[in-house]
Amino acid sequence: MRDRSFAPSRILIYLVVALFAAAYLAPLVVVVLNSLRTNEEIAQGSMIGWPQHLAWSNYAKAWSGFCVAETCAGIRPYMLNSALVTIPATIFSTLLGAVAGYAVSLWRFRGDSWIYGIVTLGLFLPQQMRLLPWTIVLRDTGLINTLTGLVLIHTIQGLSFTTLFCRNYYVAIPHELIRAARIDGAGFFRIFWRIILPLSAPILIVTVIWQFTHIWNEFLYGVTFTTGQQQPVTAALIALSAAIADIPQHGVQSAAVIIAALPTLLIYLLGGRYFVRGLTAGAVK
Amino acid sequence: MAALSIRTLSKRYANLEVLKGINLEIESGEFTVLVGPSGCGKSTLLNIVAGLDRPSDGTIEIGGRVVNDVPPKDRDIAMVFQSYALYPSMTVRQNITFGMECRHVPKTEQEKALANVARLLQIEPLLGRKPSQLSGGQRQRVAMGRALVRDPLLFLFDEPLSNLDAKLRVEMRMEIKRLHQRIGATIIYVTHDQIEAMTMATRIAVMHRGVVQQFADPDTVYRYPANLFVARFMGSPPMNTMPGRLEADSDGPVAVVGAGRPDEVRLRLHGHDGAASYVGRDVVVGIRPECIAEASRVFSGEAPVLVDAPVEMIEPTGAETIVLLRLGGETALARITPDIRPAPGATATFALDTRRICLFDPETERLIA
Amino acid sequence: QGAAKPRLTAISQWSAGSDGAAITALGKKFEEKGGVWQHSPVPGFTTEMMNKLRAQIIAGDPPACSQLKGPEIAAWSKIAPTVDLDALVAAAGYEKVVAPDLAKLHKPGGKWIALPLQIYSTNMLFLSKRAMDKAKADKVPVTWADFNDLADKMKAGGITYPIANGGTRPDDGQKFEASLAGISPTAYRAAIMNLDKKALEGPEIKAAFVQVRKIANWMDPNVGAQPYATNLKRFVDGDMGMMIMGGWAQGVLRNAGFKFDDFMITPGPSDNGKPVFLLNADAFIFWQRKEPDLQAGQTLMAQLVMDPAIQTMYSQITGSIPVRTDVDLSGEGWSDGQRRTAAALKDAVANNQAVLSLAHNMAQENGLTAAMIDVLTEYVKNKTITPEQAVTRLAEAVEGSR
Amino acid sequence: MTETVSTATRPATSDLVRRLPEYLMIWVPLLLSAAHLISFSLWTIWISFTPSTLVPVTGWVGLRNYNAVLASRNWQIAFDNLLLFGSAFVLLSLITGLMLAILLDQRIRGENVLRSIFLYPLAVSFVVTGTVWSWLLNPGIGIQKLVHDLGWTSFRFDWLIDRDMAIWTIVIAAIWQSSGFAMALFLAGLRSVDSDIIKAAQIDGAGPVRTYWRVILPTLWPITITVVVVQLQFAISAFDLVRALTNGGPGIATQLPALVVYDLMFQRSQLGRGAAAAVLMLLILLAVLLPYAAWRYVQRRQATHA
Amino acid sequence: MAALSIRTLSKRYANLEVLKGINLEIESGEFTVLVGPSGCGKSTLLNIVAGLDRPSDGTIEIGGRVVNDVPPKDRDIAMVFQSYALYPSMTVRQNITFGMECRHVPKTEQEKALANVARLLQIEPLLGRKPSQLSGGQRQRVAMGRALVRDPLLFLFDEPLSNLDAKLRVEMRMEIKRLHQRIGATIIYVTHDQIEAMTMATRIAVMHRGVVQQFADPDTVYRYPANLFVARFMGSPPMNTMPGRLEADSDGPVAVVGAGRPDEVRLRLHGHDGAASYVGRDVVVGIRPECIAEASRVFSGEAPVLVDAPVEMIEPTGAETIVLLRLGGETALARITPDIRPAPGATATFALDTRRICLFDPETERLIA
């Protein structure tokens, strides 16, 4: 129970927690260690081991050295591409989802629950099913091979999650607040902007974290709908890992994995506390 | 000209009829209190008046203008909510000026209006705070400020005090009343606390199941409740209501409780004009607990009717003693002076204020006299 | 003036390692000739490359040129118009120097629409010198019996895993195709290339499965699904003995800094003593474009691909052999392995023992290939499946996927 | 709360024009989202009845694609795997998440750090998770190799290459990646349990185990259901992770429906069959979601009637 | 033997001292009510008695046994919580038997105990339901059942009625009282509702800021509040407290409010023995609103003291009229009969019950007499 006093059982608790923490950290530790070992060193022994001398060069190579075909600029340009897709798509899908969730929860209109139900079903529609239809859509909108196209895809697909979570969060906001504002003469947008949005930090943090990591980590659309220099960072990672015509580059690959994961890891570490809070507000309704 | 007139107003949600043909005419400057048990439709009515909800039927006029199709902000009303509904992310100042900002009132005028209201409500020191930094009473005041600053034709209050603790509630009650007297505004005030209703209203509308049961000044509602519902709803402890019979002797009508029993109680009626036609029939006899008191009590100078009754239980509250007694076999409550503590089980003598007895038709439950 | 500056948009999955290096070199040549080189590597598996290609085609914006090979050339040519290369091929005299079976794949409608660039045999046998020493063997195995013998010897010599191998689907497929083609090229042609029902259930197929099981038993089970390259070091060090692989492994070995003296490359086992060549050729298909600069680019690209100097350059980077049979491999940049591969091709063609690789998508379209490889990979990984069962399953897979 | 603000005034034409931006802002994204889901699904259903291969074509082949998929070993294995993987993963991640939540609920030191440790895998892409776990679990280069190198050569941990156990490696990696999500929800649930209830149980004489088991955990039902649905959805559509970890192997021992769909559609160029497999996958999803939706509906009804 | 004795009990949270040297002796069978404003430490004290929290200092004895180190389940107590704290996933039956299950009471005995309690509380028809399917009053009863089934030495109630609406609260109050009379249990009951305290308690402990201000029977607390805090806390509207001076003439001491003003009010004191030593000094004069009534009121047979006072405002509540008046310049509330409605602004005559005046030392705020 929530009791500080009983010592032996608390030692056991700390022990178990420590074990779990170690298990959860292990993969990260392995990758970090490998990112500091040379390929030869890894090939000698196993994937798990201490670096004999710190091979910082892996990072240099991962960041700006290794080649994807004729481009030898490392992971750097791909990171930028990913950012160019992820940041706007995260912002758009979050904002639109917030507006939609706000409309659905606080301004009920005819047919809202149907639309809302369908939109949330989108959480469950398998990705593979959408690849070809998106191809056709992007063709018809002329957005194929543009980052804009990817932003569009991620914005629309992201709406399912953002709408669901924002709506679940907003239903707990007292309706009287909206009523008061309407009497004050505020319209739909002013209410959203001045009253709802300032209350939304916890849920916006959740949707931003969620959208950001999902879009950042996405691969299939990223390689299919971009060309050459626009590819996302996941493509560069795959180029490193799926190299069939090469000796495994585990050291560089590890360094690249870490660099590529930094933005999402950071966003989780910084927002993690709010994430848990907002997640509950948004998920359990 | 009526400040507000509501005609044959109905409201249905799906197959639930929440308001059934409401008619109300409210004069300018009146303090109308809507009371009724939870779910009777008070908030719905208020929301429709405010324009936050649409009536299914009927018309609403504010200041002589039909407003059915006018959006809330153009109805010249202000509303105070039970939860205060202060904008949590704005300071008190912004909460109060937000409406003016929406209506594009010039900054200087905003400032002036704000200063006026803040002075009136004595919330000047709070202007920079966020609602979360205010106590319940302060929040209440800010909510009021937001309404006052509009200077509207009509104020709508939806249970503005029900979130306050008892002490603060009494204070704020007086404050609102004083405010009403000072600015002479027209107010519609929803509550389900009948003490609030009695003490604040110029007229009370008692609602039940979507119907206005009675719309009259507080004294009328208290002394001549239109029906059993109103009789039992207003007053705490509520009016004692006992089955009885109406008889008549040479001196006039007599209400008999527990007729035929050895301990039957006969209550001579005075000035109950409508009673005549009920002689010989069953009635419901209503008598308020404060009309049953210790034997020495004098009711408005008249010699009281004295009755002996067995005491079942007493509850001394300090300021008075509540006595549970039996009248003609029926249970009734009496409110007597705190000094006197009749022993449970014994019989004591009580003074009755028979002039204030109410009679109801047991079928229609309506007031006879 | 007048002519547009040649420009080429190209898609391939060659993004890393020797593949990446080779195509990059090709691009340099293209630019040297005054062209604009716009290559889009699609990292990942062939599937991702094809997704990309499909998306471009559906969008009405196919690349001027893309990687594609084998029967897929015919299949894909049906969904979008391709370029008629007959004139360019004729001008280069390419037809004469390309093996006829190979040529057929690149002119599905009778006209050249795609150009093969390099050739591999997927059943070359790589022998580790150190392992041979450990086994005290010096004879290069010719037949499967020799091969099995040598493996036994290696095992006796203390090599736990005589066969170095990867665990990917093509790796598993290669073991089978090498076995079957080595046992009977005729049966291979009938069963695998022509899908003859009787041949599919014939005794050669069963014999091949028996041989595959032997190979599987000599492999390190711990490799899992890692690519073969993971084991290259153990192979060179002599901890593992032999490897049945395509010549591309040379490119990888060289890239990784290993010396060519450490291993030997020879044609895979063939029970009739004459080399069997499991043909795998990478090619470019050319998609119709209206833009003059792209058309000029396609012409330039086609000329480059057929150019013996370019093919030489390319193969020397990747470890393949040129498509052109008239390239002289005696020069410096060539390895013994490549020379042997080229010789084997000549022999095999002469003896009608050059067949198309199943594992590398040369024999059948992808759907059928994948269905057959399902059976093969399961068989390699699951030792409880008997050869008889495997025969039945393979036939069923072919049937089910038609 | 069913009560909501309804639009008060019947929109007159001028009103409509004035409110156009807000209508656009609400409806355009929502309709786009709904339209893409409906049309994509319908499109896939349609394709599943056509003889499409490399690219979509018109035509009608009836149930042929479905029969072919259902008869294939790949699908059968994938389906069986889904049952095993789905139930094992959901159950174990639920238990793991709950256990972590209970442990963190003991007001231990460093809770923030620990919570971050259990949450960070959520930030990592499935591809990376798959790759890294394939390193760790591969007996030739991972944990087994490490232990062997340390001298304990009889140690075996080779599930990755064991046909019967390989599916469990996916379970392990998937749990590692997503049990933090379950933990987060459960932790919040535990924290919102009325502390008076726990006190009441103490007075009733219930020990810690009994208190959790009988008093606290039963209040977590709604959260549990949410977790189960989310994890189940993850299990059913698991793709990147499996592709990077086992790619369906050894052999085809770890096939899963999502892999089969992708493989048929894009690797084998059998769009029609792939679409049929996708529709079958959707049906499996519906089999999970419909009971959930029904449960929610009943719950909501009860809530409004209470 | 005392059922509960608490000695020099203190509780600190970090640097906040929540309880400061509490001493309480509670006899077996007593109904002790702990009242006090929010945050004064009532729940903390109860939790410590229950063993749910540890004291920083002091000892607790239950039934003569020091229980400081005894876990809650072995203290022979039962507790009812404000939120009821019913186990939401268990049926009513399981809620009641859970404690017995934990103590491994045989099934048949569990059934018997359950049946007894269910009959006593008339909750037999509810046994199969979950808490969510119960009304507030029913939940309350189940929570009580869970406590009763233990048959403990000591019952602890922490604001068990505060979640109920006014009507139900009154009913449950009576029910608990009857229950206490029937089973004769020892009860400690926390509330911040002083009506509950007055009507239920055999003794009231008034707490404020972690200190017991007064521990006495309800009448004593009401009539002789130990200090100004208690005086103002108990009673609604609260006791009027006005600054005054104590003088003396030949007939004895006189309390003067507004001394020197033209409208000064002189109140002759009777039987205020302790007053003598304060003659000539400032005091605080306390008089309950119900001790100021209409001129015709007779207080326990004595001739009342009559005072003329200007009326500021009236609040008729139906059952009575609350009058805001001025006594010697100080504001005071009076409770008069509902029939009489003095006009605000005018002066009216009021009867005062001077025997019940309280005097407090303005420095120490303690009761003088």
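In this document, chain identifiers A, B, C, D and E correspond to the written order of the chains, with residue numbering beginning at 1 in each.
Everything below uses one rule, namely that a residue touches a chain if its C-beta (ideal position, glycine included) is under 8 Å from a C-beta of that chain, and two chains touch if they have at least 3 such contacts.
These numbers come from a predicted model, not from an experiment.
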- Could you run down the chains that neighbour subunit B and subunit D together? A, E
- Message: Taking each chain's centre as the mean of its C-alpha atoms, which one ends up farthest from the centre of subunit E?
- Response: C
- Which pair, A-B or A-C, has more C-beta contacts? A-C
- Please compute the C-alpha centroid of subunit C, do the same for subunit D, then give the distance between them in whole Å. 39
- Item | Length of the line joining the C-alpha centres of subunit B and subunit C, rounded to whole Å | 92
- Query: At what distance in angstrom does the C-alpha mean of subunit D lie from that of subunit A?
  - Reply: 16
- Item | CA centroid of subunit A to CA centroid of subunit E, Å | 58
- If you look at subunit C, which of its residues touch at least two other chains? 45, 51, 54, 58, 168, 226, 230
- For subunit B, residues contacting two or more additional chains: 51-52, 71-72
- Task: Would you give the residues of subunit D that are in contact with at least 2 other chains, written as numbers and ranges?
- Result: 5-6, 8, 138, 141, 145, 202, 262, 266
- Parts of subunit A lying in touch with subunit D, wherever the complex brings them together: 1-2, 4, 9-10, 13-14, 16-17, 20-21, 23-28, 30-31, 45-49, 96-97, 99-100, 103-109, 115-116, 118-119, 121-133, 137, 156-157, 159-160, 163, 171, 175, 178-179, 182, 187-189, 213, 216-217, 219, 234, 237-238, 241, 250, 253, 257, 260-261, 264-265, 267-269, 272-273, 275-277, 279-280, 283-284
- Query: Once bound in the complex, which stretches of subunit C touch subunit D?
  - Reply: 45-47, 50-51, 54, 57-58, 75-76, 78-79, 167-169, 220-226, 230, 365-367, 370-371, 374, 377-382, 393, 397, 400-401
- Item | Complex interface listing, subunit E residues touching subunit B | 38, 166, 170, 174, 193-195, 198-199, 218-219, 222, 234-238, 288-290, 296, 298-301, 313, 315-320, 322, 335, 337-340
- Please give the residue numbers of subunit D that touch subunit E in the complex, ascending. 194, 196-197, 199-207, 210, 214-215, 218-219, 221, 306
- In their complex, what parts of subunit E are in touch with subunit D? 47, 50-52, 71-74, 77-79, 81-83, 85-90, 98-99, 102-103, 132-133, 146
